[in-house]
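Read the structure below first, then the notes.
Just so it is clear, A, B, C and D label the chains in written order, and each chain counts residues from 1 on its own.
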Amino acid sequence: MGKITDMTETHNWSGQKLVSIEHMLFEAPRTKHFMTGSEVLKEAVKRATVDASVSYPITPQSEAAHLIGELWAEGYVGVYFRGENEFGVMSEVAGCSMAGARTVTTTSGPGTLRAMENFAMWSGTRAPMQLCLMARGINSPLTIQPDNLEVQYLLETGCMIWYAENVQELFDMSLAAFTVAEQPDVHVPIITAVDGFFVSHTREAVELPADDIALKPYNPYAAPLPPIDSEMPPGRFLRDPFVMKSNYISYATHASWQWEIRSAVERSKPYARKLLNGLVHVTGNEDAEIAFVTCGTASNQAKEGQRELEKLGIKSKVLKLRTIRPFPEEELIKELEGVKHVIVPEFNVVGWLANEVKAKLYGKVDVNIHAGPRVAGGMSLPAEAIIQEVQEVLNAAKGA
Amino acid sequence: MSLDIYKINPEFRDIMPKEIIDLEENATWAQNQDKPRGIKELPQTKELIEEHSLCAGCPEAATLRYVLSALPKPEETVIVNSTGCTSLMFPHIALHTVHSLFGNQNSVASGIKRVLEWRFPDKQKDVVVLAGDGATVDIGLDYTLQSFFRQEKITTICFDNEVYANTGGQESGMTAKGQVFKMAPTGKKFEKVPMWELAKTSGCHYSVNMTGSAPKAVAKAVREAILVAREIGPTFLNIYTPCILEIGLSANEGLGEMKAGDKHRFEFYRHVSPEAEEYLKKCKEEGLL
Amino acid sequence: MAKDSIKIRMPALGGQGAVTAAHIAATAADTEGYYAVSNPFFGAEKRMAPSESYARIGTVPIYDRGEVIYPDIVMIYHPQVITMGKSYTMPFYAGVKENGLIIINSERDLLTAHDKKILDDLNVKVLTKDFTEFAIQEAGTELATNMAMLGSLFGALGTISKPAIEEGIKDRFLKKYTASGGTATLDSVIEKKFKKKMDLIQKNLDTASAAFDLTAEWADQVGLEQILEAPKK
Amino acid sequence: MANQGPAYYSPYPVATYEGVITPPEGKALLLTDVVDEEVAMREAAKQMLTNENATIFPGPQVLYGWNEEAKEKATLIKEIAEVLNAKMIPMYDYRPKYPKIDPEVEINPNHPNLTIWHNNIKAAIFVGVHCHYANVALKIVRSETDCYTIAICGLSGHEDAMATLRDQHTHELKRFIEIAKEVKAELGK
């Protein structure tokens, strides 16, 4: 079993050669594999010099959590155990992160809601851990199906939220996520979301670098506040202080603190642009008047729809948002030049992404925003349903 | 070296306030000391807590002073807190401390302890949880007990004031049966939770129920509990620190209330597992106690 | 006209290995040079309860995810899917596309005259055969039913070769594989029956191969047109 | 409320709200402009030398001798104070102090404005303060005072300061001292 003291300037405790994130993502040679999202998350964690992870069973993230446990048993991950429930787990990883560990955990749906209080605490205490969220529906009634309503609840927690479309993106994104979250001027938690099952349990081709390289370790002393380890001044340090019931200006402190968290999320943009190759990915006809604005699996379905629409002589493009927090407003506005109809297909009943798009574009772009088609409860969103709704939107526009 | 984080650079010594200079020069750090730290040093030395805003005469505030005076190695100790009256004191402790949420203190402490063991395999870092009875026994019971089940090497200290004091005096699980408090307007209907017994059953190697009336006894229990947690497993202290405000006592009556408690409701309870007993014997021989 | 991508729906009962079959189908297609994706139906499957899996294969990138609503091919692993409605879609061929294919594992014809009319109108060919019995004959165990069904699928498609299928099967049984608890247990049961892993793989390969030949012959007889384009190598 | 800053009593005392973020590596930030480090150093020195009651707020990372760099920086910061004719008021920790701070001799990130108001400080350098607390403080200062703020940061800098220098280690501090001496000579101070 590796010990942290086995780490050298060039190699981590499991003997992997330390490389830059740029080398890992863009330069290291890759070979093709065929695997699920759960399996690929293991591959990412294996190459990330991860100090700590805490797990708890909930479908569909359990397999990914088991596999991180295997990495611990094999000596790649320093600390790993099963917590008592998601509220406990999210507090345990908070402890890990605050004590200076590169930390990762996973959850889904009801687990997310159970743990909810923690997420705002995470960002408030500037703990840069990664939560891989494998989205699943929320009770009641009980469901285990893919449905990403839970992301709506996470939008204002102060955590960054990135969204991966497929197995390949999950791999690349979760590695980039550690790096961006740990930047000293960012240093807030990051939620890398995928749609559960659609990514976690879907097996597809993926290109991976060799597993004898790994990211450089996290440096908790290059951080916006001291780690909780009694090794960095000030010796008197509470993370984070209780500013109520005081005769000083606690409201200004709290306001400034909250703005600082939002500023930190905003500061992640240049790093994310570089490591994700842009915050918005475009496929389809550049000059189309119809644009799908999507994230996650809805991007897949929209691409399928775009291809079928093209066969029918209807031009469209898919604007896939890779980050939701920060919201890539500038990029989106640029890509919507010349677009008349925005279609926002989603896998949840409320249409939170459509609401986001409307709020962010209000008064800035002259475009018809159609909030749909939406499916919920784990239903599929076949291209056929997308095509039908696009045609209805176009017909309505003609009629008007 | 952890103690270096208190050492003031000479260039700035003239602009630093006295409390900070005192902390460096006159606090009892364990390093460079032959004898264990203890309560007897309180009058002459710089304490690890500054002025805070608890009620005058609050037994909890006094007990915290005893606890801090007894930490075996404060410069290597991390304290995890929770929400409540206690959280008004925590920012003023001269150590690395965490307040995160109400009730999750043992979970946060578990994460910190495991990572400190991972990051500093050659150092001994103590993790101590300080929280009230609402945090420990009601909202956080699951996390408290689960950390015992998992045999986390942390010490949990519950300041048991038998009430939610910070929110205005509501019944807690630790309130005595029959007591009238807010949310129990006709009196509490069930018995006080025997948390020290639960701690024993749940795997604590050292579990104590006591009051904060005798500083030396508190200091001894704190020291023993932390030493056992270092080497053997989880330890628990329940210390009665009455809320004088909510039970209608004046600032100078807290001690009397605790002394009365010593005689019946809080008669000294002490469970020590055989492994812990043996270890404590060894500590005594080595002069750690 | 052969299609650039097809979607395959596999309704089965828990324990029959439909998830494994979809995985092998996609791996084999990937080996052959196709784009391919497989996934299970996302449920808490228990033994003998409805279980479903999907494979998508194409010469163009596969974007579509999740349950297959409009399949080109439907593979019924157990008669109870039809007779007892142990299926997520009713009728079992709901959404099937024109010029498609249905493979049913049953010792007798389970289609009503009404079903036949609908499928005929869509030019959907139906192969009904007792692949469980076939598996018992070929491999000595009904647990190889999924291999027989797989062989049959590839025999009907004709563009994925036996070596690719072999690769898919070996990939599934020789690599460390992430499976849910139940599947992991079933794996060990299968292993005990066959004593040796290589023996298991050979029996599986033989079963798939025999079903491949049988179905290819059937396809010729009924004039099944090529469903999927050959891979662009 | 004393003198108000450029953002006045703003509910949005936040530079990122206006699209300004930390400068890229190798650069500095002056208000909203990304500039060369030397340009920002000159401006910082000028502001400190020409504004009333210029003060340096050293934070825990340089106040305590916890590593060699901290010890070296302490010497250099003391020299900077001398060159810039600046006072020093320490931000020795980050707690919300009870019952109140003494604004004459200390500054606290939770209410930095109290110290700035009390001492009528019109230009200040934050150095050795952890970024989060510097940012919490700088937003309050930006909103509630007219103090010109300068951040000398060992990491990525602070867009809420009016001038920010990033990746500042002993080599950079020495360079700043040289530039400050030049500016001082130019100004005849």
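Rule of thumb we're sticking to: a residue touches a chain if its C-beta (ideal position, glycine included) is under 8 Å from a C-beta of that chain, and two chains touch if they have at least 3 such contacts.
Quick caveat, the model's predicted, so the values are computed rather than measured.
Colleague: Given the touch definition stated above, what is the smallest step count connecting chain B to chain C?
Modeller: Shortest path length, in steps: 2.
Colleague: Whole-Å distance, chain B centre to chain D centre, using C-alpha means?
Modeller: 38
Colleague: So how far apart, in whole Å, are chain A and chain D when each is placed at the average of its C-alpha atoms?
Modeller: Once rounded, the distance between the two centres reads 35 Å.
Colleague: Indicate the residues of chain D shared as contacts by at least two other chains.
Modeller: Only 63-64, 66, 92-93, 95-99 qualify.
Colleague: So which bits of chain C are touching at least two other chains?
Modeller: If we look for residues of chain C contacting two or more partner chains, we find none.
Colleague: Find every residue in chain B that makes contact with two or more other chains and list them.
Modeller: Only 5-6, 53, 91-92 qualify.
Colleague: For this structure, give each pair of chains that are touching.
Modeller: Result for touching pairs of chains: A-B, A-C, A-D, B-D.
Colleague: Touching chain A in the complex: which residues of chain B?
Modeller: Result: residues 2, 5-6, 23, 53, 75-78, 80-81, 83, 87-88, 90-101, 104, 107-122, 125, 142-143, 146, 150 of chain B touch chain A.
Colleague: Would you pull the chain A residues touching chain C in the complex into a rising list?
Modeller: Touch list, chain A to chain C: 34, 36, 38-39, 59-60, 63, 66-67, 144-146, 195-199, 201-205, 297, 300-301, 303-304, 307, 378-384.
Colleague: Within the complex, which stretch of chain D touches chain A?
Modeller: 11-17, 21-22, 24, 60-61, 63-64, 66, 92-101, 109-111, 113-114, 130-133, 135-137, 139-140, 143-144, 155-157, 159-160
Colleague: Show me the residue ranges of chain D that touch chain B in the complex, using the header's touch definition.
Modeller: Per the touch definition, chain D meets chain B at residues 58, 62-67, 70-71, 74-75, 77-78, 88-90, 92-93, 95-99, 102, 105-106.
Colleague: So in the complex, which bits of chain B are touching chain D?
Modeller: 4-12, 15-17, 20, 50-53, 91-92
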